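One structure, as structure tokens, below. Some questions next.
Per-chain residue numbering starts at 1, and chain names A, B, C and D are given in the order in which the chains are listed.
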Amino acid sequence: MTERNIQVAELDRLAVEDQEVEIVERKGIGHPDSICDGIAESVSQALAQAYLDRVGKVLHYNTDETQLAAGTAAPRFANGDQPEGQKGGEVIEPIYILVVGRATKEYQGTHIPVDSIALKAARDYLREHFPALDLETDVVVDVKLGEGSGDLQTVFGEEGGQIPMANDTSFGVGHAPLTETEQIVHTAERELNTTFHDEHPALGQDVKIMGKREGDVIDITVAAAMVDQHVTSITDYTETVEAVREFVTELAQKFTDRDVHVDVNTADDVENGSIYLTHTGTSAEQGDDGSVGRGNRANGLITPNRPMSMEATSGKNPVNHIGKIYNILSTDIAETVVAEVDGIRDLQIRLLSQIGRPIDEPHVADAQVVTEDGLAVSDIEAEIRAVVDEKLADVTDVTRQVIEGDISTF
Amino acid sequence: MTERNIQVAELDRLAVEDQEVEIVERKGIGHPDSICDGIAESVSQALAQAYLDRVGKVLHYNTDETQLAAGTAAPRFANGDQPEGQKGGEVIEPIYILVVGRATKEYQGTHIPVDSIALKAARDYLREHFPALDLETDVVVDVKLGEGSGDLQTVFGEEGGQIPMANDTSFGVGHAPLTETEQIVHTAERELNTTFHDEHPALGQDVKIMGKREGDVIDITVAAAMVDQHVTSITDYTETVEAVREFVTELAQKFTDRDVHVDVNTADDVENGSIYLTHTGTSAEQGDDGSVGRGNRANGLITPNRPMSMEATSGKNPVNHIGKIYNILSTDIAETVVAEVDGIRDLQIRLLSQIGRPIDEPHVADAQVVTEDGLAVSDIEAEIRAVVDEKLADVTDVTRQVIEGDISTF
Amino acid sequence: MTERNIQVAELDRLAVEDQEVEIVERKGIGHPDSICDGIAESVSQALAQAYLDRVGKVLHYNTDETQLAAGTAAPRFANGDQPEGQKGGEVIEPIYILVVGRATKEYQGTHIPVDSIALKAARDYLREHFPALDLETDVVVDVKLGEGSGDLQTVFGEEGGQIPMANDTSFGVGHAPLTETEQIVHTAERELNTTFHDEHPALGQDVKIMGKREGDVIDITVAAAMVDQHVTSITDYTETVEAVREFVTELAQKFTDRDVHVDVNTADDVENGSIYLTHTGTSAEQGDDGSVGRGNRANGLITPNRPMSMEATSGKNPVNHIGKIYNILSTDIAETVVAEVDGIRDLQIRLLSQIGRPIDEPHVADAQVVTEDGLAVSDIEAEIRAVVDEKLADVTDVTRQVIEGDISTF
Amino acid sequence: MTERNIQVAELDRLAVEDQEVEIVERKGIGHPDSICDGIAESVSQALAQAYLDRVGKVLHYNTDETQLAAGTAAPRFANGDQPEGQKGGEVIEPIYILVVGRATKEYQGTHIPVDSIALKAARDYLREHFPALDLETDVVVDVKLGEGSGDLQTVFGEEGGQIPMANDTSFGVGHAPLTETEQIVHTAERELNTTFHDEHPALGQDVKIMGKREGDVIDITVAAAMVDQHVTSITDYTETVEAVREFVTELAQKFTDRDVHVDVNTADDVENGSIYLTHTGTSAEQGDDGSVGRGNRANGLITPNRPMSMEATSGKNPVNHIGKIYNILSTDIAETVVAEVDGIRDLQIRLLSQIGRPIDEPHVADAQVVTEDGLAVSDIEAEIRAVVDEKLADVTDVTRQVIEGDISTF
């Protein structure tokens, strides 16, 4: 028998799937905001790992404030005469990325090279995810990590089994299942940036997808940066754009029977040569700045139809930053409940922390549910409560998974 | 007779006022995120004004990416022996603020000193709003404004009467009326930072207010930075904290008959001297970084119970940035409708743009309403539609008001 | 009887005054290199003073690496219609100044706000010396002070009477008397930037003077930045240029009977409007970068006819930085000897330190002298030796005077 | 018959070789000032080459202002248990290098990516010369290149055969032959950083050599940074130090019959473990800042016994920057004269420019000579004059050689 304050109730609205208008957005990993999210989170993982390796526990840090100032580029179609490795255009003014945050630099006489670790993590992240970005010419990565304040710089997690205390009054919110439109938007970006990209290296990482559903009509709008070294002509470009359109259209049909219309790079003016061609695969090369926490929420989507937390999840310390933990955990709980409990059409999990209390004992854990027809909340309340309770008991799993990079935060 | 696509329908949920649990937050103007919002928006106003003065129209710019890297401070109680102007502690390492963005630097042979304008606007904003912040020792303001991309750098608004085209597919959302809890949270911060501050200069600008309502019980949690030069002792400190508590309690009672509990600086450990004392009135002096668009939405609140846009409103160009315009306009429309039309318990306005179409013709303008008991949506639909239509027709008013600083964006 | 290794010998060359060709240069206080020197030295003074005030002794620091990246400006003749305070043109892109160095940030539990002190000192210096430079729009001052290394971070001067040890093998060199050409070049800059400027505010601080003497003909070339807010027309400009020419010509005649030719702003092309007009009074506003130690030597001159030390004197710690101390002291010794001992036509003092030995006991103090006709070195050797010995005994006076700002270092 | 103003005269002093006291210094390529020189010059070469490749001529630029702010490091003896590639200690806070300067970014519609070129050149230089420096963790390279001013931004060298005009009144000075002490100091650093380093990778690039000769006794003091990954113990360290001492001693004896004493790392306190151990091979990793033009003169030495120019040669534009050209050319002339004309014990060449005149026609070219016993200046005047004249005629060779990297500037 648990003492956790878990409340299960009916959600006082239609399931999002049943609402008349739905809007969903996902900024791909190459969007300037997502680049910042990705760097912030990978710096966070590297720091957490370094602390564990060197002092056996994670010390205070937060690196959730990376800022990207866009560069300037002159993309150009690849030319057969250009030598391999120098095809296409070039970056004229490098992208500038400033990793900002706090991190404990010394612990009981051990110095932790947090700035060097952050620098390496950021550069490794860029190298791994942006094959067309030349780290020697196209980007400057700078680091400005301060020491944390005395009060916050306390150490936590000294004994493995202990539950940290909430450091703030904050809340997290998660949902499940994803609507058809949400699934299409999320999956399309992931698939474009993996499966499709493998066959079409012309597609850059900066893929932004907007989904809009009015009744039973779903419009998917894709803005996809193309990479000049893999595009030889305007024809080549338009063919790739069309390939994206077909790929997304096909993919969408796996998720829905509704009408789906897909548009790609609608702002292009092909006749005048005004197209979405880049040298690096991201609009950060030309005028689009970015920062952490401005794009996707912890579940990878922007969903104005649903409650969202403003919290920037990426880069936060996963041991004691309650906003990060609860946003990830609430999503995890929602997905698990829906996977294990039948009859749920829409589920919303909210976790509200209580400052100074163990994080497995939220002030309130609130499950709101829209049931399938013919089912009452009371029919499944106990099942839901059990999952929520179990997940809360295992709250430190979230921390572990985040440190190991098993959970995406954006 | 209008051709605008305006839809009025019933909102498929309870009015937020009638929901069981409600969470509201406001980051005061001294919160690091709000400092960035404030600077970004005041740089934007200064640039827009400079363009108007020098070339007669607003050129391309966006300055919505200010980054703040926190400093280090050593606050100390003011001491009678300290000379006037040097009371309290000091900043040890200055706050670093980097204004990032794009702005057109030349137009038909006229150079516009955008960097100098941005620098001055940022410093003026800080000087005006943060009396305890010494601009000679406590803060470094740096500026990194790039040129916009060729494509976007087009000029707009050449003829006064013309309506710009939407530059993106984006949406805005607004609500009215505010719930009791929302009103308390919003008003409390505004009053603390004006009326209360005038009498109690010890209160800094970094006031963060969290409101939580469960049924008919409202908990208001205030985190209020105190300014050391105006605090002589721990007793003095606790008295000011108590004054804040009383002030907010009294203020809350003007907005509600529900039970209200107010807590101030709950993380304090007075016995151990661990209190929320600052030298400058903001936590940016010690470990709290900030950036634009991470805090309050355009209506000044964070309201997870309501749909929110992720768009960073502050710093965006108010002439053609559709996300900014529609977030502000939808809020304005909601408030106007509620002021002019009786019988509305909750109203939500959504505006969805259509790229390439005039911004006064949104793809859809969607008014969803919860009526008072005994009233049908159809009873007031025409009235609502008329207000929405009129407001859309006057969309450029938003631009004008934003440039003149008449509308707060955070 | 002293044990100091003081050597007095004949100088193995003609007195510079008697050499056939002589070249002398002085960069005025508004030259970008001198701006950096001035900031570095004033930051140094402020830090030394702060250490004395707070912990009773000067701790380890060196701030001899300020870097200035030039801005962009659009100077314009002042116009009668322009309101007071806004006359002339403007700075388009601010000058960027980065104060680099090391400084001890904590001593026995006392935090010293070295970054804030440096920031204020740099800004105060600019404000005091550059009346046409608007600190709110024309310049960004940034600070990057590291901690010193463990080894060097030791404390010195604990007991007032103790002589520090030399921290390096280094040398200083000084000369006296100045030649006529040297006197003209040095005095002209000083007088232009004080007496003349008081009556002609149109003259900016960036005055660079080159003196060349061939036999008995002295050519003085002045490059003088004019300040737009005080210049109404091309005629006004040329009149001020002519006034400078006359002023320097008259001044020169007080120092010499030789022929003197003065040229001012010879690179001007008045007919094409290509003149040396600035908005701020320094070429740092437009394309001329600067850094510490690249301009004047410790005696205020660049004198290729004489041995010079490459050491950057400005910004160095005056307690234990032996290069700084010996450059200043050797100049001081040379001047004192010449003032007190008759019959010296040219004197060169060299001080060579020995690492780890007290700084009042140089490895060698070497006085080389050209005597007036009819006098042998042996006639005055004892007198010279006595002055050198006395000055070395009082070596810590140099430190005191530098900290109090009584000695110019550039 | 030439019209160049070439003057040949007796030098009014003893040959430096015959003076009683001589001081010489060389900062090795790993000294923070030399790192800046090296980067500045290699950025300059890369830009010049890029201009030639892209627009067929060198455009306006100057990149002579690189600033290095030191990092923090924790060197440690290499341990057999450490995996290859991770031996020794680590850099805790990266070195920060800011490349400052001006460069023309556009010419007749062609964009030149000067920032990207500079970034790559700087990083390539570091990679090539500092094998122990990990560019992913140990250093941040930032770039801040402004546009040149309108006036200066003119294009030069349009026709291959044309001689540029002097852009300033400036002078250069060169000497030959090197004294024994000068040869020892210069060669020792070069050999340590090549031959010796190849066999002893423990020796880092930061080798600073000070030579002092009093009469016939030469003291050579070497400060040599050791690289931790190649040093396993204090014994290993002292053995390498001793190897350096022996190597330099042997080398010195090839240049002189005088007594030579060599000291290496005299500041070490081996018993207390205070030694000159680094992780990267340069003191820039720990507290030693650097900037361009503060170290070696164009001939690779600091020679207070000889006239020196203050001009920073590295990073200057070799097409029209007269200070750079004349410093290099005067050294080249001096060496050539001494190689081709017998009987010269000491030679000093001075070149003084005349603004606005072709650079092959200096205001004066001044050869001052100390002849061997029994020879008069008049005996060799004609020969000297001929060499000077020929070299001046070929002045553009200097430019070409500098661009191709054939001439060291520091």
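Everything that follows uses one rule, which is that a contact is a pair of C-beta atoms (placed from the backbone, for glycine too) under 8 Å apart; a residue touches a chain by one contact, two chains touch by 3 or more.
Just so it is clear, the structure is predicted and the values come from calculations on it, not from any experiment.
Student: Could you give the fewest steps needed to travel from chain A to chain C through chains in contact?
Tutor: Minimum step count, chain A to chain C: 2.
Student: Centre to centre, by mean C-alpha position, how many angstrom separate chain A and chain B?
Tutor: 25
Student: Taking each chain's centre as the mean position of its Cα atoms, how many Å separate chain B from chain C?
Tutor: Here chain B and chain C have centroids separated by 50 Å.
Student: For chain A, which residues are shared contacts with two or more other chains?
Tutor: Within chain A, residues 93, 96 contact more than one other chain.
Student: Can you give me every chain pair that touches, using the contact definition above?
Tutor: Final set of chain pairs in contact is A-B, A-D, B-C, C-D.
Student: What does chain C use to touch chain D in their complex?
Tutor: Residue list for chain C touching chain D: 9, 12-14, 19-21, 23, 25, 62, 64-65, 67, 69-72, 93, 96, 98, 100-102, 144, 146-149, 151-152, 169, 171, 173, 210, 212, 214, 221, 266-267, 274, 286-287, 289-295, 297, 302, 304-310, 312, 350, 352, 355-356, 364, 366.
Student: Touching residues of chain D toward chain A in the complex: what are they?
Tutor: 74, 90-94, 96, 105, 111-117, 119-120, 123-124, 136-138, 140-143
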